[in-house]
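Structures incoming, each one as structure tokens.
What follows is chain A paired twice: with chain B in the first complex and chain C in the second.
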Partner chain A sequence: MLSYQSRAALDVLIPSTPCVLSPHSQLSKMSYYFTILSPTDTPIFNIAFGTSKGGGDGIARFRFPDTAQYMNQFIIHSSLDIVEEAQWTNGGMYLKHIDTYPPATAYISAFLTPSGARFLLLHQPPQLPSSGTSGSLGSSSLLGSSASTTRASSSSVAANPTSPQTEEAIRQFMNEIYESYVKTAMSPFYKQGMEIKSPVFRTRVTAAGKKWL
Partner chain B sequence: MTSPGDAAPVKPPPSLSRGVARSTSKGRFPEGPESTHSIDAELPETPTATSPTTSLPTATELPVRSASPHARSVRSSTPQLARSSLGSPFDRNIDGSDDTRSLIIRAFSPAVAIFASEDTDELVRNKGFQGGFSELIRPFGETVSGKVVIRDSVGSSRAWEDYGVRFMNLRGFGRIPTGRESARDSPLAQMEEVLAKQLITGDNILGASLPSKDVLGFPGTSPLSKLLLRQLLSSTRPAPHETFSHPVASVIAISSRNTAPLETLRQLYSESSSGHSRLPDWVNQEYLRYYVLVHDEERDDITESTKLYDQMKRHFGLHCHLLRLRSSQCVVTDDDSVQVPTCEWLSPMEHLSGVGEAETLVDLGTDGTPYLFDSDVTAIKTFVRELIVQSVIPFMENRVAVWNDQVASRRRGFSGRLVSMMGRRFAGLGSGSRSSGSGPGGSGNFDPALNSYSPETPEAILRKMADFAFMLRDFKLASSTYEMIRSDFGNDKAWKYHAGAHEMCAVSTLLNPLSMSAKIKLENIDQMFETACYSYLTRCSDATHALRSLSLAVELLKSRGGSATESAAKWAMRVMDFGLVGPVGNVLFTERVAACYASKTPAGGAKWGARRRKAGMWNILAADQWLKVGQPTMASGSLEEAERLYAEVLETEGVFPMPEMQRFVDGLRHAIKVGYLESRGFGAHDETAADHSLGTEETSEKLDKRNHRRSLIGLPGQLDAGNLNIPTSGRDTENQPNDDFERA
Partner chain C sequence: MSTQKASRIGEEIWKTRIDKVNAELVTLTYGTIVAQLCQDYDSNYQEVNKQLDKMGYNIGMRLIEDFLAKSGVGRCANFRETADMIAKVGFKIFLNVAPTVTNWTSDNNQFSLIFDDNPLADFVELPDDGRAQDELWFSNILCGVLRGALEMVQMQIEAHFVSDVLRGDDTTEMRVSLVRYIEDEMPPEDD
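Moving on, here comes the complex of A and B:
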């Protein structure tokens, strides 16, 4: 579903990229992949979106080639190791940035809910100049297309995933989603662990993403 | 003068390392079990290992666990480590536990140059060694029989089971650096080639070793990555900035056939010190000379030789040896024939030219593996032991002590620091701008034109002293000396020296057994590797050394355990990011990342703290990459490993909660199976026939599929509810063909 969505998005975008996007928007397009995991690690909600700040168009462009979109899930799943560890050492519900996947510079932030569901947000800044140069030496085969993506500066706030501003923005985003999640989960037709299919919830998440990220 | 005959059987070595070294000489691959054995002490899976884990009082385990996983902390809480240097803590705690460390330690062995006269080489060539005297004794230098006792700078002695030296031909030494520029990148390319070759030739052996790896639990270091590491450690050529491959001693050999022995010895000496065989200028010429008389047991008279030997001793002092060899060639059918061990440390170039490749292919032909008479082997072993124990090591200990006294201590004191700083400052002022390339600030001892220090300068001597201390395994002195000089090189803009000193400083700190218990700052170590890597790669574009330092970082940090393993994984990812390795190397480093994560164990018996999912993911990635380089057998090994790791974190075995992961893994499984069958010559259509006729890997995969299908039928309701919509539809389409093909 996700891959279909983003593929469609890319199909639309590729021919029009030069004219639609201003140079500025290319600088700071973060891509986000947001997942809610049930206590049994089953994903109950998935959404991929891009930043809407700084002229972003809200469409995710991950660095993986189109055929490797499963990597998002692999990375999220692998970061559960860290979530499990961090949840005992961190008192808050929002665990901040907990994990990184260096080969694709993907960052994971996590939020715990009392019911055991976990919100995981994978955010991936666009190719940084530094990793661009090292990538040109020969990137791994998994990221085959990564070397060709645009170079961008890390100066903008949104492009620096570990800055306090980003942490704060994600916290706001998570809190807003938590509120919607609680409301959704309290619906009499929703059973714990079920997939969230509510379109209202999806639009709320999208709106929160637009607002904060 | 203990003969190895009576020294060896005294007691079996407590460390695995020598046993491994032995076994590698036969074939490279059966060493899997040993390595696994050492690692799985850290894993809670094996029932034997669980007991220390659970019995650990959880209360004492800090939640921060910054430096030690429990396995390590059990070890470090043993009192032996607290005693500074009594006994030999190394033998029990480090060598026995981790042979990768031993491999790394052995990689930095002193080099001994061989300079043999023509008649000696002639004699040895008659015995079937075309490379002459150096080729004959080279394999015997790599492991010295019996224990070697070394005194460190504090004066305490320690016995080592696995000491060795590297014999090399002095005549070849000077020639190598000339072709250096042209073939700068070649060692890495050659390494890749060796790996690829090994994959092809060793396919069957590898395939056979994979299941055994699984039986024993966890693969410590796969044979291939060990090969890669060994290749890497032996691929660096002699260079000015590190003195490990500079000869510590040179063996000047003549034979009893020589008509004018003493003149020949003199001539050889002068040729090696001033003639055309002189070492390059950047090598310290102050090395030990050792004189050997090779006596031909069959043709010459022993009384004559003894007389000559006595004469030699009078002339040259104690550093002499009479080596009695038989001059006829030994064949396998002889009564007392002994196979010559193969060299463990072959550079990639030698591997490709086939120096050590004779082992498996040759059956009885005399052209392949050479044989020696038992008496010859004993004589050579005695010679090597005597050379090392009585001459080389005392010489090195002496040099370290002298340099430590004369050069290092002057720098160490407060006044020394002040003087060096002032000198630096004034020199900088005097020469105008410090930043100009021509007049590098600092001592000005660095010659930018030659890109080296001359060997008499304090910097070069300190580096040599640190290297000597490292080779004598006095890691404390080594690391403090590297620490002392590393900033000097940066001031002088001697970047290769700078990188080398940082690299070795970090390595020796990690190898120091005493810093295992004391918490050394991991950030410092990381910083040092970072600097080393940057200097090597960006400033000197020396990829081989950069890769070497990164690999050392990975292996040593991994062997420390605890949070260091994540650092190790990070460095391994860095290697791939830099693109230092080819496709096969890339897969191997992916496997290393997985191994690093897998070696991270939960803290204090808690459920959390392990990195199973990460390790599993990296194994999946490795399987994917193996498939891409056309190695379905290896891929299936990685996949099995991943399944084993995932089994503990997944609710239902083989079923991933994430639909896209599931799809990918299913696809991978299928692709591996097809690839495997095709590589065995089965078409895609007669897979079922193959299913019955094939061996172990297939059955295990089939079991997994079963599991998986059963679990599909009887999914727990909770999971079902979550999964029903997207995933099942996706999975059904994926599984339909699978079912068909198994049923058909």
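Moving on, here comes the complex of A and C:
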């Protein structure tokens, strides 16, 4: 498991492109990376997808080049410490947005199952061309303003990664996946902690992503 | 005896005379047995099918007595009646499903049971090793149960699954054929 300190190592890995926010319609098209971790921190399921609501095409467009998709896993795993801190703070299984990784503008939401599996969702707004936008913000100031930034132009629930609407949409998404996960885990041929290879489960996750995000 | 009458009998017994048990208990127990067999026989699915059938046969031989005691039904006049009795009373009172009897051959000796709902197979996804989908009949125990039960009432039958939704088929279908009525056999003379 990565600790807080290893965040510094992550910073080196990430190309330091300034992230810019603007009231652009593209903003509503988020990229998502969803992963399920077994109680022993082994990833047992991964999927990447994009916004489907509001005319999105459901394709993930992360800021990393295609060759660096492992960054998503790094970032998600690095938030595990915070998940562990947060998991006893309230009685709920859905922990909402628990972590932000500013250099990649990556937001992490978490959901815990009672048996110790963790559902983690990384969501990342798309990268926009920095030219021609007013009030360009550096990556450092982005974090401070992101929560309060209003993006009135967007109708998508996922437009603002920390808004209550987004939290709610992700809660619905997580709950639906939890249901499917329970069914999958009940299959006699599935062993606890084993990778989930079921195509049925993958289809259900994709459908839940389309429905809620 | 008509199909409707058999359905009524099954319904009545299910409501009044049957102790119920949690469905997940049955599903998970059976699933575990099959998964364990697959492991024990090293994913030799033909062998697993055979073992399930054998287990079912042993169950059927006992279950028929229980079935007759609970249902109080008498001898069936023909094999068509037997089919309705199996589908609408037998499956109803033991598994709370009533498969459809269909696809009779013209000589009335072969029919199919179509299962819309199979409580044994809830939650199940067959292993994706590329073979289980083609070789394993997950609910094969049911074939054995029918074979064992009918043998005790003087019917030798052959039963096998021809399709299963678990394999991606549209329906779950079991084919049952009457081989012969077993005549009372005299013990070998000892002269």
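Quick note on the criterion: the second predicted complex is superposed on the first by the 156 of 213 C-alpha atoms of A that agree within 3 Å, B and C clash if a C-alpha of one lies under 4 Å from a C-alpha of the other, contacts with A are read in each partner's own complex, and residues count from 1 in each chain.
Everything that follows uses one rule, which is that a residue touches a chain if its C-beta (ideal position, glycine included) is under 8 Å from a C-beta of that chain, and two chains touch if they have at least 3 such contacts.
As the structure is a prediction and not an experimental result, all values here were calculated from the model.
Peer 1: Between chain B and chain C, pick out the one touching the greater number of residues of chain A.
Peer 2: For chain A, the partner with the higher number of touched residues is B.
Peer 1: After superposition on the shared chain, which partner residues are touched by A:Thr89: those of chain B (first), chain C (second), both, or neither?
Peer 2: A:Thr89: touches chain B, not chain C.
Peer 1: Please work out whether A:Tyr70 is in contact with chain B alone, chain C alone, both, or neither, and reply first, second, both or neither.
Peer 2: first
Peer 1: Just to be sure I read the superposition right, which of the two partners does A:Phe189 touch: chain B = first, chain C = second, or both, or neither?
Peer 2: Touch partner of A:Phe189: chain C, not chain B.
Peer 1: Counting only touches as set out at the top, which of chain B and chain C does A:Lys197 meet: first, second, both, neither?
Peer 2: Touch status of A:Lys197: both partners.
Peer 1: Can you pull the chain A residues that chain B and chain C both touch?
Peer 2: 197
Peer 1: Could you list, by residue number, the parts of chain B that touch chain A in their complex?
Peer 2: Of all residues in chain B, those touching chain A are 63-64, 570, 573-574, 576-580, 583, 586, 606-614, 616-617, 620-621, 624-625, 628, 649-651, 656-661, 663-664, 718-719, 721-726.
Peer 1: Note which residues of chain A are touching chain B in the complex, please.
Peer 2: Interface residues on chain A, with respect to chain B: 1-3, 37-38, 40-44, 69-70, 72-81, 84-85, 87-89, 102-103, 131, 134-135, 137-142, 191, 193-195, 197.
Peer 1: Show which residues of chain A lie in contact with chain C when the two form their complex.
Peer 2: 183-184, 186-190, 197-200
Peer 1: Could you list, by residue number, the parts of chain C that touch chain A in their complex?
Peer 2: By the definition above, chain C touches chain A via 24, 27-28, 31-32, 34-35, 38, 122-128.
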